[in-house]
């Protein structure tokens, strides 16, 4: 699980858009669903694109897939796209809010066309559905 | 549950894009998840945009929400958008394939920005995730 | 008089946008103005684009002109444009709301450039003004 | 009532586009309809954008609404838009011809999205319909 | 052979654009060429997109190919494209007029890039050339 | 002869772009060529678009044609275009500098497509050539 | 008959796109159909745009119409368009492949909107259909 | 100091956008800062673009720089740009509101790229900051 | 003097657009004006872009400037622009017709921004004005 | 105060664009103005977007507002926009140079529409004006 | 080795852009590097696109690859692209100058996406690097 | 030598696009060519844009030029452009693959127009050619 820039502020940041659950609560819910599905979960949150790329490079051989909330990097980072393609693992893109209902510059994603699947708009439930979708695919 | 144009051919139509499960198999899986979640499901498949609009008008007062695979209407139907807004019920948009990875004219949706949530790219699993997401919201 | 898709819901559908008068009330007001102007009126409301085309084909030789609220078809139907041109009768395009003040995809009309006149933004009064304008032209 | 640039030439100017009625005849017809509706009318025609703005500033507190044929200013004047918004009175935009059937630079209006209503294409009848629509709204 | 919306008016509709032959005369000429080439022909004309889709679904297994004059649907119907792809039969797109010489919105076709061949601009002769081209391909 | 906004500053204003001749010198040279060609010349310079429109309205019946350096109005004034069309006299558009070699917003002219002819880039010589071209046409 | 640049390589050049028939075989088939229709045929193949223009200028008075496969010049040559218009003879544009199914820069043709008719996508059969269509028009 | 069209209504006009201070109060504050900085100030407010141009022409030789709130002319007046360039004096562009946060047609300025500096969004404080910036440059 | 492609047909080619004077008549008139101005003239007409480039390369050191009617090459030839720049001589671009009043693809010129001056729309008079303008510049 | 990427090179880097004052000199001048206004200032300069985001997250609760020179991040960083919005503090955007007078990709800012105010083009004076504007707002 | 239009002027033509080495000097340097690498070189320079196409057709079977400086044809010739693809040999595109740093119409190349490699901006050194790159690939 | 994000994965990452040589092998080949040319080489690979900027700032005074494979930053980083310009050293941009033959968002580079030269498409050979080109320029 990769949480992109500014997600450390969840719960405090624009709650009408991103909901009131903190990152810790979301991570706990994810761990719970992972346990139910018999999956193991590693979690990263960072504001540094470079650290995400390092982590993908390191984790590429150790995990079966990635669950990614790229946050603002969704719309600007070709490097994140390239990094995920480079390690050749399926990944699922998730968003708390519905980016299509927000500013035009949030309508384009550099990840969506190479993602295995995409889930957005359900608030923190998006994470749990994304994890279910990824596991369904991996156990396929 | 609304299945849009050409979905009656599922399983036979371009299986490398839409998968091998028939519409009946998908509907059975949906019924199963609905039962697990304690929800009731009405299902429509039609090639006529007008019939979908009539059905939404009729069902508007009887259901709590809609699960919609608008198929080709995703990209062309302002009428479907207007019809769904008119009855004022939350709906979830689902797709079998990943439209962002296909032709440019499939990248735009007339529904996504007013949908409660959107799920695509997981094959027939998209339907089940969409139904879970819709119920989570309604019971939320 | 042609009422396009979803107008059967008038009065109940998003009243802050479309007003509180029902389709029946609007039709009655239209009949009243028609009587005042010595004109006869045939009225169609349908959610099916195909039925509008059939009706135009049938009525083409019987009427002197058309009053059309194309609703969502305004922005997508080349067929409606072609059908109205095919029978070679003047027509007036009317809208309850002001489409220029709404979403960008409502800013373009496939009918306006071949209409005799256009009236929008006056709520149900738009219909009455459009009828007056059409009759002024036909008696002109 | 505001008549924009070049409308002083009405009746002589490109009659196949703008009709054969002179500005005086149109003003007389407007006065007649105003009388029928119990309304009072002030009329301005000028080729100077600045004079229109001065007049709106002066008349803003004295009138209930504006009827505007902005002519060429429709497509180029943000100042006219700002002036009409500044005095906070409803206004109706009218055109003799159908700008959508003319050159592309006439398809956009800086006023339409903030107008109460819009009427175009009916020749000099457009003025009368616009006045009726404005009064219907004010007497609402 | 599929004739799209408004083609029932052929011979009466804008003859300077679409020619003076009626649909019946065109169908008779098509039957004649089909007989010459030893081919059998089924013919549909309808204003309802849904009926075309139903017919393609039904006829998909019975015919070797389609000859299609999609009329106004050329420019708007993703569903027609999807329907023709779904049954996996070669088809030829024909037009009476030359859409490239008409309004800009007629310059794009949703069918041309997946058609086996395209013929336009020859008036009713376009149908006969299209039929010859389709048969040459099927016997080729 | 109509000189548009800011041309009163000629000779002092950006001489590397507009040359060193003053407006008076250019007018004198124009009078000289007019005399040689047996033509009479009226001259206006103003910074007010409205005054230009008033003048065109007044002069429309008295002159055989207009020579216009619209200056900045070239790119912004639909009213100037409409005024010149309204009086139905041929006109020639001239510029001192080459607008195609300057900022992109100077590449478009609202007058060029309805002008009889256009001359630009020759410095003050552009005026003299434009006058010769206009007279050749009127005497043609 | 005009064959544009690089068509001398037919049969050897990218056969999956352009087919396996050589230019000589296509010309022989054209001669055969011409004989069947009682028409005479002159044929040019050259890689030089200038030679095509010279030839059109020379042949303009001697032929009743042109059959043109402009190849790459389709997308870049305004001069070819001007040359064909200058001699005022109907012409038919043909292509072996379907340019709409290839790179975007092949989607636009400088000839199609002024052609009498267009045929593409049928391989070498396109030539024969084009010739039939042209003769039908000339004898029409 | 140049105040463009409609600014005479400040304090009364859309106060949520433009603030509650009147033009007189802003001018008084400007005089105060000018005094503090040892600068002299001439002030113009007009709704007429032509008057602004006349004034710039007249004042060009008498002042060291201009402070300009071009209001609606920001987005439409090439003549204002040309006039300011013609007299070759540095100028500072100021706005009360933040035009980037308003309608798209307010995002472009014809002055910003040739201004010495730009200040916007601070309400009436924008004027005072702009004056300080201009004086810092002139004394710099 | 360079005459571009298809100009050998002048007088016969679309006379309502290009006028009735033949190329020989235009050349004679040019010689006459050249004699009056004490200038010498070399003339080329060809349909081959390559021959124009060879000629510019050869003549570059022998002439003081070029008068060019690039015809269709105006809109497509970067090579002509490069050739004229390479020999570093001033040139004037002329057109018989007004390209701004014709199809959109004729609105852009690859030469205009690097030309000394441009003249168009005066029919064959354009050539004579262009020659005068070029000589005025060279003797200037 | 946040200084974005490459600003550590100020004074040495392209002095004709960015001026000759070093970052230390600018910071000293800022401290001086802050003292005059009774404000306290924290300063960050870094080439790492992630460090800026961390700092905003940390400082969000401790400061009343931000003064930001986002440098190159202005045009590319959605994350910086999101970070500043997340902590819900007013901020002012400043630039040394005038980005509107530079390359087109510098004309768009991801911050300007959500900034309290914007100041650019005054060289290092921009910082001081921005600080005054921010304090005026906070004390406002 | 193919040298496109206007390259015969090298050394004399705009030396600040294209350098001071003549075509003969560049060819000699190329022969030298070819000898070092054990490769044989044929060289063509012409201003005629048609001659380049003829030459490619002729040389297609005799050479292992092409080194091409297409000059102005880079931006306009689909025929050159088609010709190089038709003979199915790898080719390398080279430019003396950096087209990305010049006018926007030089930013697009019709060859780059189908070239084996591209080298530009190194002056005459670009040729030598391109030849090394081509040989490395062929011997690869 | 600067290697941008994700290049640490070379040899393992999408080898059909990026080739099978590892970064170590490429660096060794670079050292070899540098030795041949009598040049010294410093090498950086990092996934952090900020580290690249720090390094450029530090190395700016110590090196004669930069060889840069910006990888994904090519298309998104204005900061990298600014950093390279700030230290005022010539740099060469290289790519293993041909970005013009890939997704549209890879067609634009923020570096190419300010690079001394660009080399792409030759696989790891691109680096060696780029180094030769840079040294030729520095010793030139």
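For reference, chains read A, B, C, D, E, F, G, H, I, J, K and L in written order, and residue numbers begin at 1 within each chain.
The rule we apply is simple: contacts are C-beta pairs under 8 Å (C-beta built on N, C-alpha and C of every residue); 3 or more make two chains touch, one makes a residue touch a chain.
For clarity, every value in this text was computed on a predicted model and none was experimentally measured.
Counted by residue number, the contact pairs of F-H are over half the same as those of A-L, the matching pair from H-J, A-L or E-G. Centre-to-centre spacing of subunit A and subunit I amounts to 62 Å, using the average Cα coordinate of each chain.
With centres defined as mean CA coordinates, subunit D is found 47 Å away from subunit B. For the pair subunit J and subunit L, the distance between mean C-alpha positions equals 31 Å. Along subunit J, residues 48-51, 76 each make contact with two or more other chains. Of all possible chain pairs, the ones that touch are A-B, A-J, A-L, B-C, B-E, C-D, C-E, D-F, D-H, E-G, F-H, F-I, G-I, G-K, H-J, I-K, J-L, K-L. Put simply, subunit D touches subunit C in their complex at residues 98, 100-101, 109, 112-122, 125-126, 129, 132-133, 136-137. Across the interface of their complex, subunit L is touched by residues 48-51, 53-54, 57, 60, 76-79, 81-83, 85-88, 110 of subunit A. Note for the complex: subunit F touches subunit H at residues 4-6, 8-9, 12-14, 46-51, 71-76, 105-106.
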